[in-house]
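Naming follows writing order (A, B, C, D and E), and every chain is counted from residue 1.
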Amino acid sequence: ETVFATPQIPRAPFEGAPICTTAAGDAAAAAGPLKKITFAWNAGAPCLVGVTVAKEKGFFAKHGLDVELTNYSGSTDQLLETLATGKADAAAGMALRWLKPMEQGFDVKIVASTHGGCLRLLAPTASNIKNLKDLKGKIIAVSDMNSPGKNFFAIRLKKVGLDPEKDVEFKQFPGPLLRVSVEKGEAHALADNDPLTFLFQKDGAFREISSNLDGEYASRVCCIIGVRGSLIRDDKPTAAAIARALIEASEYAAHHPEEAAATYAPYGPGKVELADLVTLAKYHSHHHHPVGADLKKELALYAEELKLVSIFKPSTDPAKFAERIYADVLS
Amino acid sequence: MSLISIEAASAGAAPTRGLPSRETLTRAALAIAAGAAWIAFAFVTRHWPDAGEWGRGEELAQAAAGFGAALFLAGLLGGLWPRGAERLRRYTPWLLALGLFFILWQATTAKLALLPQPFFPPPHALVEVFVDDWPKLWESVVASLKLELLGFLAGAGAGFVVGVSLGWSRAFGYWVHPAMRLIGPMPSIAWLPIAFFAFPSSYSASIFLIGLTTGFPVAVLTWSGVASVNSAYYDVARTLGASRAFLIFKVAIPAALPHVFVGLFMGLGASFAVLVTAEMMGVKAGLGFYLQWAQGWAAYANMYAALLVMSLMCSGLITLLFRLRDRLLSWQKAEVQW
Amino acid sequence: MSLISIEAASAGAAPTRGLPSRETLTRAALAIAAGAAWIAFAFVTRHWPDAGEWGRGEELAQAAAGFGAALFLAGLLGGLWPRGAERLRRYTPWLLALGLFFILWQATTAKLALLPQPFFPPPHALVEVFVDDWPKLWESVVASLKLELLGFLAGAGAGFVVGVSLGWSRAFGYWVHPAMRLIGPMPSIAWLPIAFFAFPSSYSASIFLIGLTTGFPVAVLTWSGVASVNSAYYDVARTLGASRAFLIFKVAIPAALPHVFVGLFMGLGASFAVLVTAEMMGVKAGLGFYLQWAQGWAAYANMYAALLVMSLMCSGLITLLFRLRDRLLSWQKAEVQW
Amino acid sequence: MVSLAHDIAREPGVEISVHEVSHRFDLEGAPLPVLDRVSFTARRGEFVALLGPSGCGKSTLLRLVAGLEPPTEGVVAADGARIDGPDPSRVVVFQDPTLFPWRNVRDNVALGLEAQGLLKQRGARIDETLRLVGLENFAKALPHQLSGGMAQRVALARALVNDPDLLILDEPLGKLDSLTRLSMQGEIVNLWRRAGFTALLVTHDIEEALLMATRVIVFSERPASIKADIAIDKPYPRHRDDPDLVERRREILGLLGLDASW
Amino acid sequence: MVSLAHDIAREPGVEISVHEVSHRFDLEGAPLPVLDRVSFTARRGEFVALLGPSGCGKSTLLRLVAGLEPPTEGVVAADGARIDGPDPSRVVVFQDPTLFPWRNVRDNVALGLEAQGLLKQRGARIDETLRLVGLENFAKALPHQLSGGMAQRVALARALVNDPDLLILDEPLGKLDSLTRLSMQGEIVNLWRRAGFTALLVTHDIEEALLMATRVIVFSERPASIKADIAIDKPYPRHRDDPDLVERRREILGLLGLDASW
């Protein structure tokens, strides 16, 4: 047991908060011993409250799973490597981060999704950038050249008629320094994901120009659940149990954002304000967690759009791609 | 050392004896000044209101005031315990400088907010991290130390053997040297995917990464050490009937040890730098991990705290290494300094 | 070297003279075998269908076949140009091994798909990267080289001066040594925010990062070099009326140069490792940048290609450094090997 | 010859034959000839002293005999077998002491026995030999704590402690004062007479050569060639005022270019 | 006294006084007394030879006089001023040549002039001095390409090329053959007579001391104390068979424990 994986220091406002008096709690005892599962995630992403809810509120247990959370920092494609090499059984990550590497052919299948939202494009409030079109000829700071933020807003720019390769320039800066790079004049706007973008705009000096909850994207998934290919082949029920637990947990989070945020709090580093977590939990669309054909369709749409901005190879067929990477474990 | 001792010898040639004067007065003045600086720091921390919200200012102020008072007293009463005062004397300039630096730091961050936030947290924000987050930090230290030591020992051992073999066998060199030239300079991150596959667990992969980074400088320097042994030593040993093994173990290796230690020193430093990479792989605690995790939230106070611990740890290990060297190589003057 | 040359001397003590026999036959056989391996590799690449889709198999097969044929011919006709054959002889074992390795690599990846994809791309996937993506790669090489050289030179210069000063002045050591102990082992990533603020542009911050990484080993080893100079040299120079400057520039520094070069070598290696970090800051091209980008896309062929270029570049720079050293230190046997 | 020599291997001493040996070094790209067709044979049990001007090639010749380097031309043989490498039966006292700085005096002296795995068997000889060179009180001292003459005596002890067939001495007593030198000379001669090994001694002291050797070879300037080969068949202990030796001395001084009155 | 000495600073030579000097080293934690209340004065322009057993403390005494180390007790003074550091007016030829391996022979010899900024002014003396020691053909050679005796001659040249007031020689000719040695002895004496510096010479060769010095000091075993202080007021050039010198020699041999018949 480690301090990181288990909340040992309950935060003051929740002292004595019943950990298991939940929707799932009573139904917990599924027959037989719990199956041990290693679940990889990036604990720095507060949009993954679904995962902590599933663990702390007993959704995993309810589905017969004993889940160990393993934190992977750094760029999230290492999660794919972990899954593909069998070092973890399942993992959560952002669709726009994973799809491109998955085009290369990892032995990883998508089984579910958890929520939408969490990518934002910000510009200084004082600047005259008011919408995406104003970005023409500007420099946008991103945390790396494959970041979901970069991928997503490249699509958005393309859709408003700007060429993401010619009309704007993306420049890479270390995530926490994105805002500084704009303030120092090395870029005009920045695109990244929560929590950093959320924190950047908190003091009002930066304004949100666009996000992935705008317009048609309001009903698009952000984070998806992948499992190792061999789990689908050898132990499909477990894969299904993981998917179910997380979907139920997301639904729970959508209805109880305060409690969901509280489950996540111990995983955040140092000084994270609970109010912020709650705001984020409310902001991210945890009610949106499609599966089956819906999810497959959304994945295909992403693939289509990534092709549009020449991130995907022209030869990739979006429908076939979605078919290949999605495994329907729930029906 | 030599140059410095030459300097010292000529400087100390004509010591002023007699009155308890200059020397002693400077000593006392320095201690008192250092004490005053720390008390001033405590005062600033306590009574100048913060421009933002950071915890543990109170505790810091108390500790600083206590320390300052102790220094102050030591300056006043130094005469009572000359040997202690003599010892303290070596530190007082630094203590004074540190006190002033802390005041500056405090003023430019928490008080005047001249330095941009949250990148430059004030001192009491760090204190807060140490006080409030110490279980996590402690766990990280233990985990990192374990990983580091396992990797370092494995890498140092392998590097030593490779280095000796390179200096020893032409055939080994023929096959290994080109590979080493290609592999040696590769950044550790390149090994992540391969390490993932080649090793049963991500922990062993992490150990491999650290070992590799340690092993390269150890191998290169052991090799050079063996290769640059004064050939007169070999001549002597060979005419006395030394076997190949004797030449290696009783001539080449002892003569190369100073180089080997340089390699170990370099390897230790380098391996700390990859700790961050190695701890990206599914570990549950560790300083590198903590560092990255803190950075993801722009929790800079936590990050600096972890960094401080990390560099103290590395410095401590290097000190240990140098102690070991001084013991083994007592026959020679220190080669590499620390 | 010494140990090896001892070995060589005794091995070559009784050379077999007379017939063009054993020696020559082995030489020819090795070249022919190596040629055959490469031709086989070409055959496998060309005629055994791929299990997946990778480009440039055709071109690779042609190049390999051509190279194999040349080797084959060299083996058969080696007698015509003995000096050339002699030279080739040094490489044939490696060429044979490489040929066999390529066959194995090709078979286990593209053909039998034994190694998991996409982690282990087949050789022609790498060829594809070089052929199709060379403009980007080339741009990256130029950018990285520029950044690396600027940083390295700045860091090496600063490190050298600090190292000499540490070996020279007790006061400098008092103030700088503790700081160096704390700062030296810090991972470069820790410097990102500070460098970002302290420097006017992100490019200069990147240079600073590389310089810092280079400078630390250079400083430590220069310092040790200066400190470990045989004190008899100082005695001689001092009795001949050497000033302090003379002792430093004409005794300490020349005597310390072998150490300084070890430091430069270490610094060069270390600075390549931080290229990835340094190129996170606002650069538009660079090998580290390319590497990260390829890794994010799981474009492993691109990643390995960039890595290969990077380690060739580093190895090349180290070779240059060692040439320079051999020139400057012709009076001594090579200390560190490369 | 060879097989015979091997049959009686336990008989001490060895016959060293230097046959038409020439040697060259490389100096600034130009060849520097150092030995010029040197030929002589040191018979089993002989004590041969080599005299010659500074820099003529004496140390180089000793290195060839020790097997540390092959001659550019010619053959060096031990009991008829070509020497192609060093062997513990041929022990050298080098011109510089080259003690191992990481070993104390005793361990430096123990080097040969340790290398040949005889430490247990003959370890007692170490202290004996240290006493012989007058350094029993410095057994634990490190080389850098010795005076020049003491270091040289340690190097001598390191060689003497072995049981060589050939002892090669390159100015082994150059840094010693007359008294110590005299006693060392006596000890070496006693040891040689007792053990019966063959000895090659380079020295600059003509008297030393005459007092110790059975034969003195005088070399010319660089490139060294043999100028004279003088047998000294006098019984031991010899006396420096012996008229025969005085005569020989005058002869050698002449050969070295010093007028007889010196 | 001091001020006077400074007034006539351009007059060559210096008066060295060693007053009640004792010195100790640390060996294995225990103190090793090396010099025991040694007192003597070398007058301006005197040539003092020091004789004594190996390891008695001669080199140590020379280091104290050179100002490389302070004595544990007592005072060493030059013209009445306490010596507290090395000075180019006191040049040393060390027992080991310690040439700088990264400089060729010529540049090693140039060291002193370079250090004192006199290279341009007196650079011509370098080649002159190299010729004096017979190494004009090796000016470009690196130290590791020299024989033992040649290296020693380079070290000697490195000292002689300067214009010292005091020349300290620690067995400077130990590795030379008789002929070279004889000519070097002559050269040193000539130089000394011409330039008028004060000289301190450690040697193991009693004849050398008698031929060169105006005064011979004989030391006891370690810890060294002065056993005898013998003036040799003979004109130069001296001859080894001079009955006075033969008498002195006998006397010194006796002091060193060698019977007179040696």
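Keep this in mind: a residue touches a chain if its C-beta (ideal position, glycine included) is under 8 Å from a C-beta of that chain, and two chains touch if they have at least 3 such contacts.
Not measured: the values here are computed from a predicted model.
Applying the document's contact definition, name the chain pair with more C-beta pairs in contact, B-D or A-B.
The comparison resolves to A-B.
Taking mean CA positions as centres, which chain lies farthest from subunit B?
D
Report the inter-chain centroid distance for subunit B and subunit E in whole angstrom, where each centroid is the mean of the CA atoms.
The answer is 48 Å.
If you average the Cα atoms of subunit A and of subunit D to get two centres, how far apart are those centres in Å?
83
Once you find the CA centre of subunit C and the CA centre of subunit E, what distance in Å lies between them?
Using C-alpha averages as centres, the distance is 52 Å.
Please list all residues of subunit E that touch 2 or more other chains.
85, 96
Which subunit C residues reach two or more other chains?
116, 119, 193, 197, 238, 295, 300
Which residues of subunit A are in contact with two or more other chains?
Counting only residues that touch two or more other chains, subunit A contributes 81, 85, 174, 176, 180.
Can you check the complex and tell me which residues of subunit C touch subunit B?
Interface residues on the subunit C side: 1-4, 6-8, 93-94, 97, 115-116, 119, 166-170, 173-175, 178, 181-190, 193-194, 197, 216-217, 220-221, 223-224, 226-229, 231, 234, 238, 247-248, 252, 262, 265-266, 269-270, 272-276, 288, 291, 295, 300, 303, 307-308, 310-312, 314-315, 318, 333-338.
Given the complex with subunit E, which residues does subunit C contribute to the contact?
Where subunit C meets subunit E, its residues are 230, 232-233, 235-243, 246, 250-251, 254-255, 257, 329, 331-332.
Quick check: in the complex, which residue numbers of subunit D touch subunit B?
Touch residues, subunit D against subunit B: 63, 66-68, 85-88, 90-92, 94, 96, 98, 100-103, 111-112, 114-116, 142, 144, 158, 162.
In the complex of these two chains, what residues of subunit C are touching subunit A?
Answer in residue numbers: 52, 116-119, 192-193, 196-197, 201-202, 280-284, 289, 292-293, 295-300.
List the residues on subunit D that touch subunit E in their complex, please.
For subunit D paired with subunit E, touching residues are 25, 27-28, 51-55, 59, 95-96, 138, 140-141, 145-150, 153, 171, 174-182, 204-206, 239-241, 253, 256-258, 261-262.
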